[in-house]
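Chain IDs A, B, C and D follow the sequence of writing; residue 1 opens each chain.
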Amino acid sequence: MSAHAHNDSHGHGELQMGHHHVSSSAMFTNVLIVLLILTAVTVIASRIDFGPANMLIAMLIASVKASLVILFFMHMKWDTAINKIVFLSSFLFLSLLFIFTLADQATRRIDHPMHATKAKVSKEWAYPKPAMSEKH
Amino acid sequence: MTTHAPILDTQKAKSEQPKNYLNCSSGFWSWAGTLDHKRIGIMYLIGTGLAFLAGGLFALLVRLHLWEPNGMLFTNDQYNEIFTLHGAFMVFLFVIPAIPGSLGNMILPLMLGAKDVALPRLNLLSFYLWVMGAVLAALAIVLGGFDTGWTFYAPYSLYTNKAVVTIGLGIFLLGFSSIFTGLNFIVTTHKLRAPGLTWFRMPLFVWALYATALLQVLATPVLGITVLLVAFERLYHIGIFDPRLGGDPVLFEHFFWFYSHPAVYIMVLPAFGIISELVSVHSRKPLFGYKLIAFSSLAIAIISFLVWGHHMFTSGQSTYAMFAFSFLTFFVAIPTAIKEFSWVATIWKGSIALNSPMLYTLAFLIIFAIGGLTGVILGALNVDLHLHDTYFVVAHFHYVMMGSIALAFFAGLHHWWPKMFGVMYNETLAKIACVTIFVGFNVTFLPQFEMGSQGMPRRYATYVPEFQPYHSASTVGAIILGSGVALMVSYLVASLFIGKKAMQNQWGGVTLDWLTPTPPPLENFAHAPKVTTEVYDYSTLDLKSTQTPIG
Amino acid sequence: MLAQLIQDPAKAAAALSRAPKPELDAYGQLPKLASTFDHVDGLFYFTYAVCIFFFVLILGVLLFSVVKYRRKTFDQPPASNTTHNTPLEVVWTVIPLIIVMVMFAWGFKGCLDMTTVPQAASQNTYKATAMQWNWTFTYPNHPVKSSGAVWLEVDKPAQFLLESEDVLHAFYIPSMRVKRDVVPGRYQTVWFTPTQCGEFHLFCAEYCGEQHSQMYAKVHVVTAEEFAKAPWNTFDDSTPALAAKSGENIYKALCSACHTVNGQSVLAPSWGGDKGLFTKKDGNVVGRARQVVENGQAKTVVADEAYIRESIRMPLAKLAADFAAKANMNAFGPDKLSDRELNAVIEYMKSLAQ
Amino acid sequence: MSHDGHHSVVIPAPGPEFVPHTVAHHFDTPVQEFQSAKLGFWLFLATEILLFGGLFAAYFYYHDLYPETFRVGGQQLDWKLGAVNTSVLLLSSWTMAMGVRSAQTSQKQKTMLFCALTVLGAVIFMVIKFFEYKAKTEHGLFVFPHMFDNYQVDGSSNAGSLAWFTDVHNVMVDETGAPLLHGHLFFAIYVTMTAIHGLHVIIGAGLILWIMKGVAKGRFHAGYYLPVDLVGLYWHLVDLIWIFLFPLLYLVP
């Protein structure tokens, strides 16, 4: 393959790694300010008791912050489709691990009402014997 | 060097000994420091091949020991270490890296018409991570071995007085070796395809490696963190998996199988890819249902993330989880069945050359049918409660791991051996070895189905006497199987020195890998290939010039 | 034996054929069913038949093709270049799908049956305690436990509450078709109704370490009359000789996995032999002096009854010097070994004195 | 790099303070090189997400099993230090984004400055982390010199304790003063997650220092800023993970 041909046929833009988005400094600064505000919101929200929704709200705020970082700081908004798919699919597959593992744990406790009792028993016998000596 | 492939300019033979990737440079560092995907592939082939022989030796020791109900050779402790070594070597050092590392590295860029993989330095790093993992595994043997089974189930792996941390770190490195190989293949497939090579013109080996790579990248990190946590647990007792400290051993099983079930497909999908190629080439017929096979690879890859709980049906997970996991498990059967049927339909009315790669392929098709179908038996919840952790499971996964994957690897090795080294092995010996391996394999593992369904649990150093006839038969089979493998290794190695020169297109393939010189030059193609025809279009093959052996 | 096979195959084969034969069901694949879980057998053989059908189909087409369409000249074209047949592809997708869905539903229904404990079974609850490497059973209405063997009443549903003292084990009775992992830190349950009188294997099916394959118990299913006699209750300490005998039974069930009585100290100190716990002196049985490590300090103690009691109740207090580095014995509290039982074990130890 | 007489593509330097970049021999165009590396790096970041994901799954699993332990455990951490560290990381993410932007626009001095500021952020983060760990060690919640000690076994009974978790001030207790179930688990997860995260901070800072070396040599400019971009992505990932760690560990919901 002749690299010469490419060198000649491509314009200046191509040589500079394609047409990439250069974001404005003001946009970065705005995103930073929103992120700092949301950090404050996280702290404030943790002071209010929403009951079982506490975790959901904390994670929701964190997800919004994470999305801002991914979209703007990491330039995902302007990235190619395949890169978007790759990164987002990691969260998708991670959610599979979360959903099945936590769902099993949550429903298993209904199956086994003795779990709490058993946990108390193992507390009394917290460390019944030393770990066998390990060579490393 | 006489092929006039219609889609390529003819390379003019300039000298008697054309420069190729094997003879273009020499010396230790020209190999150890190489960035060439083909040389890295050869190094992987040597490494994983040695690991396979070591694992096979352990397997033979296990089988010999089990000749008698009270065990013939070892103490229980030694037996436990040896079966663990067999499992760990075979899974982590051979089956997972072998096909992508050696044949994948060698062939994928050739099939794509690329000069190399997209990230050659990462490729070399990946190989050295494998080497470091292998060194740590060897070190673990020196430091007292490990007797946890390849599954490292907590809490036993936390309490045992063995070198678990060392092998854990080894597996962590091997995991990242696998991740980097997969990552490289994804990028290469996306970015380095030759002009005209659209997604649906890609050979199915590429599709299979691509689906494998997705699994390697998305599943392996969880194994990494799991073995790290086991190491932390042993070193400073964090209590995440230790029930004495409030941890839950079932969480370990979830983490472990989140990786290790997809890992089964990391192992088997490349084998499917090889078989797809070979069935087509040696039947000289386009693959039946090309797109369906391509999509079924992706479907298997994705569904495989949803079924890990079927390794835990007896573990005490909730009935709801068992419902979901069993239901999804049966769905894996469908794309797998589609593949098997499509291969058989490709052979149907083909022009079948019964040479050694095809013999291995046929052996695969028969053995994989058994391996796959017995998997369906195990998917049924109530039946699995009886068969789980018995020799039925052992036989089932050996039919898939050894019988299918290793045989597909051998098939691919025989198919691309002339391409890799430019020499041909002795076909007669190859056929004898194939039949020996096939017979030995079935004699080894068919009795294990029998004793498994009768209740023989796995990982037993001793057993109740009523199972002895099955164990003895199995041991005899293992010896036959071992001698078949020994024969295969001998003639393959011998061919490097005394093998006759291979033809440029030994089998009459039409994918790009067969259209470069044999062995390929350093950057694979003298001129950048352009693809203008559909995949597996044998009308472009110049039959007169290939002189393909008919077997 | 392997050498024998090579030298004299006929003799070796004869030896093999003398091996005890397991009792199998009519089709020879599963052990004879001894519980009510017949759906396991039903689905197993249904799936088996389906598998054989598909296997024969695939094998037949393959062999036929290889014979019929074998390449005879190097340029022989394929007999057909068909790459699609939509009806065929739909058929081989949909039919397997239907079959596996049937298997799933059947299997899940059976699984529900096996995991839903009926009232009758929960009123007849045994406890099975697994530890490296033995099984101990507690009975529903009897104070005496048994180890290494369990007795069940025929045709009476029984539930087992499974508990592990150390690592994962699995409770597996092939003839009953039941298996459950025994997970430390939580209780698991399993139930079944034995329908056949007889003796059955109970295996540990989850790898648990060195003696995994010897972690075995015998399941005795007996009639109601015989069960009422509590055949597992063999404990008798009315005379020293009977106490020593009962102690030996306890030794075999609980201690023999690690401690020998022949003087060979492999995993743990042996109880007998010329370095055993007790020795005969002037016709009296007295404890031997032993090197132990207490709180990291080496010292010498006499292996008297107090020392032995402490070593069983609190094994890590004083460690035998030879095994101080790898001591890993579980404590046997009063919940596992009553005082009377402990005394019987000591009586047995004394009977080993030389 | 050429082996067969072919010439590789060269991207010219935009000014005298920069050096040109030679595209690797197996790529046809700079775009191909850039996109390949970028796709590869996103894939690597995906594996990082899944690696940490295992730890997060363990967190949620035990948070669900022992909610009180986690609630009380979270109160032992100083949320103010956590919030300061969050802000430091967010700021350093901003400086990194600005650094990449400066490289994209061939501003050598500014690239250098923003990279240096980012490293400074990493240093501040780790210093604060050090004082946090020190305080926890003093309270016996995880005692560093004893992390690798075995169980301490009391000779007179089978009971014992962890060497690294002594809880000297008896803080892991419920309302009645009784010790909480498995009080060490929260701190085990805390120290595992923050230590692995901290390791990523250190690696990230090292990578940025390496980038600064390249910047000084003028290797990165509008024509070729790929390594700056990739290291930037890595740094943002470190930030991303902390965004989730902060509420989960310091403000246990």
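Some notes on this structure:
What we mean here is this: a contact is a pair of C-beta atoms (placed from the backbone, for glycine too) under 8 Å apart; a residue touches a chain by one contact, two chains touch by 3 or more.
Quantities reported herein were computed from a predicted structural model and do not represent experimental measurements.
The interface holding more C-beta pairs in contact, when A-D is weighed against A-B, is A-D. Comparing each chain's Cα centroid with the centroid of every protein Cα atom identifies chain B as the most central. Inter-chain centre distance (chain A to chain C, centres taken as mean C-alpha positions): 44 Å.
Distance between chain centres (mean CA atoms), chain A to chain D: 13 Å.
Chain A and chain B have centres, each the mean of its CA atoms, that are 32 Å apart. The mean-CA centres of chain B and chain D are about 35 angstrom from one another, to the nearest whole unit.
Shared contact sites, meaning residues of chain D that touch two or more other chains, fall at 35, 39, 43, 46-47, 49-50, 53-54, 57, 61, 65, 150-151, 153, 158, 162, 181-182.
Within chain B, residues 115, 159-161, 190, 218-219, 222, 235, 237, 243-248, 250-251, 255, 316, 319 each touch two or more of the remaining chains.
Counting partners per residue, chain A has 1, 82, 89-90, 93, 97, 101, 105, 111-112, 119, 122, 125-134 as the residues that reach two or more other chains. Against chain B, in their complex, chain D makes its touches with residues 3-4, 24-26, 32, 35-37, 39-40, 43-44, 46-55, 57-58, 61-62, 65-66, 147-151, 162, 164, 181-182, 184-185, 188-189, 191-192. Partner chain A is touched in their complex by these residues of chain D: 6-12, 28-31, 33-35, 38-39, 42-43, 45-47, 49-50, 53-54, 56-57, 60-61, 63-65, 79, 83, 86-87, 90-91, 93-94, 96-98, 101, 104-105, 150-151, 153, 158-162, 181-182, 222-226, 232-233, 236-237, 239-240, 243-244, 246-248, 251, 253. On the side of chain B, the complex with chain D involves touching residues 24, 114-116, 118-120, 122, 179, 183-184, 186-188, 190-192, 217-222, 224-226, 229, 232, 235-240, 245-248, 251, 255, 521-523. Considering their complex, residues 1-2, 5, 16-17, 19-22, 24, 29-31, 37, 39-40, 43-44, 47-48, 50-51, 54-55, 58-59, 61-62, 65-66, 69-85, 88-89, 92-93, 96-97, 100-101, 103-104, 106-115, 166-168, 170, 172, 174-175, 177-181, 183-186, 188, 201, 203-214, 216, 326, 328 of chain C touch chain B.
In the complex of the two chains, the chain A residues touching chain D come out as 1-4, 6-7, 10, 14-18, 20, 22-23, 25, 28-29, 31-32, 35-36, 39, 42-43, 46, 54-55, 57-59, 61-62, 65-66, 69-70, 72-74, 79-80, 82-83, 86-87, 89-91, 93-94, 97-98, 101-102, 105-106, 119-120, 123, 125-131, 133-134.
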